[in-house]
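Here come two complexes built around subunit A, the first alongside subunit B, the second alongside subunit C.
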Partner chain A sequence: MKARKRERPRYAKPRRDSYVFRLFVAGNESNSSQARQKLARLCEEHLKGRYKIDVVDVLKHAASAHKNNVLVTPTLILIKPLPKVTVLGNLNDDRQVLAALRLTGDER
Partner chain B sequence: MATAKRRAQRRDAGGPHKGKKELPKVSTGIAGLDLVLGGGLPAGRVTLLSGGPGSGKTMMGLHCLLHGADAGQPGILVMFEERAAAVRENALSRGWDLPRLEKKNKLYLMDARLDPEAVVSGEFSIKGLLAILDQRIKVMRAKLILIDAADALLHLYNSPLRERRELYALHEWLLDRGLTAILTAKTVPQEEAPSRYAFMDFMADCVIHVDQRVTAQITTRRLRVIKYRGSGYGRNEYPFLIDENGINIIPITSNVLQHRAPGPKVSSGQAWLDEVLDGGYKSGTSILFAGTAGAGKTTLACVFTRAACLRGERVLYLNFEESTESMVSNMLSPGITLQPLIKTGTLVVQSYLPEAMGVEEHLFHALKNLDELQPQHVVVDAISACKRMGSDQAAFEYLMRILNVCKERGITCIYINQTAGLDIVEEISGIGVSSLIDTIILLRNLPIGGSVVRQLIVMKSRGSKHSEQFHGFRITDRGIDLVKA
Partner chain C sequence: MNNQKPPYSELETKMKEAEELIHVLRTQQVDAIVGERHIMLVRLKQAEENLKSSRNQLRTLASYLLSARENERAVIARELHDEFGQALTSLHLGLSWISRKLTPGQRPLQEKIRSLSAITTSLIRSVKNIASELRPGVLDELGLVKTLKSEAREFEGHTGIQCRFKTNTAKARFDRSAAVAIFRIVQAALTNVARHAHASRTRIALMKRKNGLILTVTDNGKGISRRLIHEHDSLGITGMRERALALGGTFTLGGSRRKGTILTVQIPLSRVLMGTAS
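And then the complex of A and B:
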């Protein structure tokens, strides 16, 4: 009985870093700004209080881009929860992005 | 805007006032290619290397990059399709040690394949890649860049408009950094089929197309410069081959005929034949022995070869009919010993199977032999077999090239041609090379009565008063003897 209880998802304490995103942008170019705004909005709508976004500017941090094999901007990487997901582009298609990030259907 | 400005500047720089100022160029490290390009690739500009899969464009690009790295111009290889590890391995099979150069910071391999599982949503640009490259360029002081499979990158954009925009952005970026760039792409020349990547041709200052084709089961690689802004270039199609030393280009026709005048007469090896020929063969000229099978063509050539070698002259014998061993042993029967001559190095016999390689490779080997031995005389036995290098055209190219090189260097060139009959003049004179042949000797064996009668006639001999009779001869164990009529 006890074991089964533990397997159930916890609603009680949503942790601030259940979802960790890393968004690679190139300065303030339009696609990058667009992706930044879109990601912030989607997270607020679907993951309020449970997410963290790291924004990395490849123009300033080329080494980090290299390490993460980021060749195009914007690139969004879902670091946590695993498995890792990579989304390229300005995130213009909500449904596609949510599906890729496994955020469709019943929101946890 | 920036593009238009730069174009205008360039136009000014290259306008009618430029005089004879040469475009700065970067050697490719490929001797033949530098010749075709009038010195090399345009420095600080973009060159497009297009061609189908397996045409050798990556190898060619890599050859240039490695040459640059060795010559103090560090380079970066960006790969959109291949894995860095695979490229290293392939290069090693050619004896190119990439890790050695990588360690010295002379070369950098950038694996730019995108994660195939990545989801694409909306527009993006390659700023990330360029930022990474910018950092590398600074660290290495890179001067050259090879962007391999640029078309694979463009495919990703999935929109002609965006493809074009990104490519222009890349072009600008390359020019701003003053890099000498080579882009490879799987395209066909614009004039053959206007493709969606036609603007690539337009953007590049130099466009080289390479291809690989199979004719009669033999593969040949060819290269053509389609354009070169601000520079002259060889406009033909040039065959090339990739061997253990990298890329080799053999311009098939030299544009100037710099043939030397014929040299003194040399003995044919038989006194009576010298008489028939009015003193022997003229050295430095081209001679054709034509005749049916078993007429004694090879024997005639070997009689001359032995005599020449005994005089201390070097002979290169290119044999497409039989192995060296079998030739040496067959010639013992008419009493012509070749083995001692081979041993002392005055005679070099090279036996090749015509269909084993394409015409470029045959040419390459022949020219290498010519350079190494520096012979006074060359025998090709037989030009009829050369057709098996692929086609009549292939044989023609091969024979023309050998003939031209021989005439330029004052080497006597003896072609043996086996004919099916003796009636067709065209067949006798050989695959379209007859106008360049100075002397034609026809051999025949006629069955008369119960035996075979061998005869020989000099059909043509430029600038000498040769006999115009048929002469009967016999092959004995002491060579070729005249049969008095």
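And then the complex of A and C:
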């Protein structure tokens, strides 16, 4: 029994308080690049060590965009913790983005 | 029961999403629109910059064309005045000389010469008018303010529409090209008043203010519709706007049936005045 437990990879199980984001971008278009950088910075500042960003390029993976009901890029979806949140645009307004992602106040 | 959402909740969420979508589209934060079959890249910023740059190029070209036209007009006016004017005057003097040499018995010939002489006088007047229309001599000789005064007087004489001119720039020295532009704007505005306004009076004001030189031409006519103001084939209006913009100024035109038409041009003083005499 003990041996089985050791075999389980640690990274596969996300921590309880970790954040999972999915960012839909269009290649290296300006707003997409901006959103990518902005999200990385915000996560580093507010969620250091407990976040995962999954970047989806809609130019390569259009099906994934349809599946997630993405109409425009950049679109950021907070997958975990629930409830899901969708933020559109280049994420240039820190205050609004943090509020939308529930990262202001006690959540920080 | 507690998990049941009120019926409007879903609609409220959709509204919020729609508002967000409109916001990001309006603020140009979107770079692709994902459709069912296609993904459309939108490069609004780039397109806007290209448009801005091409608009600036067009404006520079328009400004160059306006200045080239003014120069050409000046040359034609001078040629008309010097060449035709001189030739016609000589012709007129020659006819008078012949007339004096004729004997009383040559009555038919005398009448013919009198008629030719009248035609020549009329031609001289026409040439003078055309030359002055092309390039008002007074603008170079007497300056902008006196030219505008004279233009107002002539306009009133021709059309019967009362025309008053007021200014606080009587002692100012105007840049030559700016003076021509202002004069042409006034000319075009007065032409519009005469042709379209159905007005009984018009006012021209050229005032120096802190925020620039303000030219206003107002009338008590039937006003002008918004559609007409922005119509691309309103060449007179486009010409006036281009002249104002070429001087780094602004051009506004508005009005209503009750208030008539109000044309306002504002030009930075640095682009208009060469210095004010004390």
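In this section, the second predicted complex is superposed on the first by the 90 of 108 C-alpha atoms of A that agree within 3 Å, B and C clash if a C-alpha of one lies under 4 Å from a C-alpha of the other, contacts with A are read in each partner's own complex, and residues count from 1 in each chain.
Heads up, the rule we're going with is that a contact is a pair of C-beta atoms (placed from the backbone, for glycine too) under 8 Å apart; a residue touches a chain by one contact, two chains touch by 3 or more.
Every value quoted in this text rests on a predicted model; they were computed, and no experiment measured them.
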Query = Should the pairing of subunit B and subunit C on subunit A count as a clash or a fit in the superposition?
reply = clash
Task = With the two complexes superposed on chain A, say which partner A:Thr73 touches: subunit B (first), subunit C (second), both, or neither.
result = both
Inquiry  = Going by the contact rule set out at the top, does A:Ala65 touch subunit B (first), subunit C (second), both, or neither?
reply    = both
Request  = Identify which of subunit B and subunit C touches the larger number of residues of subunit A.
outcome  = B
Ask   = Which partner does A:Val97 reach: the first (subunit B), the second (subunit C), both, or neither?
value = first
Partner chain in contact with A:Val85 - subunit B first, subunit C second, else both or neither = first
Message = Quick check for you: in the superposed arrangement, does A:Glu29 touch first (subunit B), second (subunit C), both or neither?
response = both
Inquiry  = Contact-wise, after the overlay, does A:Val55 reach subunit B, subunit C, both or neither (first, second, both, neither)?
reply    = neither
Request  = Could you name the one stretch of subunit B listed in 131-139, 203-211 or 257-265 that collides with subunit C in the superposition?
outcome  = 131-139
Ask   = Of the residues on subunit A, which ones does subunit B touch that subunit C also touches?
value = 24, 26, 29, 31, 58-59, 62, 65-66, 70-74, 86-90, 92
Message = Per the contact definition, I'd like the list of subunit A residues that touch subunit B in the complex.
response = 24, 26, 29, 31, 34-35, 58-59, 62-63, 65-66, 69-75, 85-93, 96-97, 100
Remark   = Within their complex, subunit C touches subunit A through residues 17, 20-21, 23-25, 27-34, 36, 39, 41, 43, 45
Task = Could you pull out which subunit B residues touch subunit A in their complex?
result = 112, 114-115, 117-129, 131-132, 134-135
Inquiry  = Under the stated contact criterion, what part of subunit A meets subunit C in this complex?
reply    = 24, 26, 29-32, 58-59, 62, 65-66, 70-74, 86-90, 92
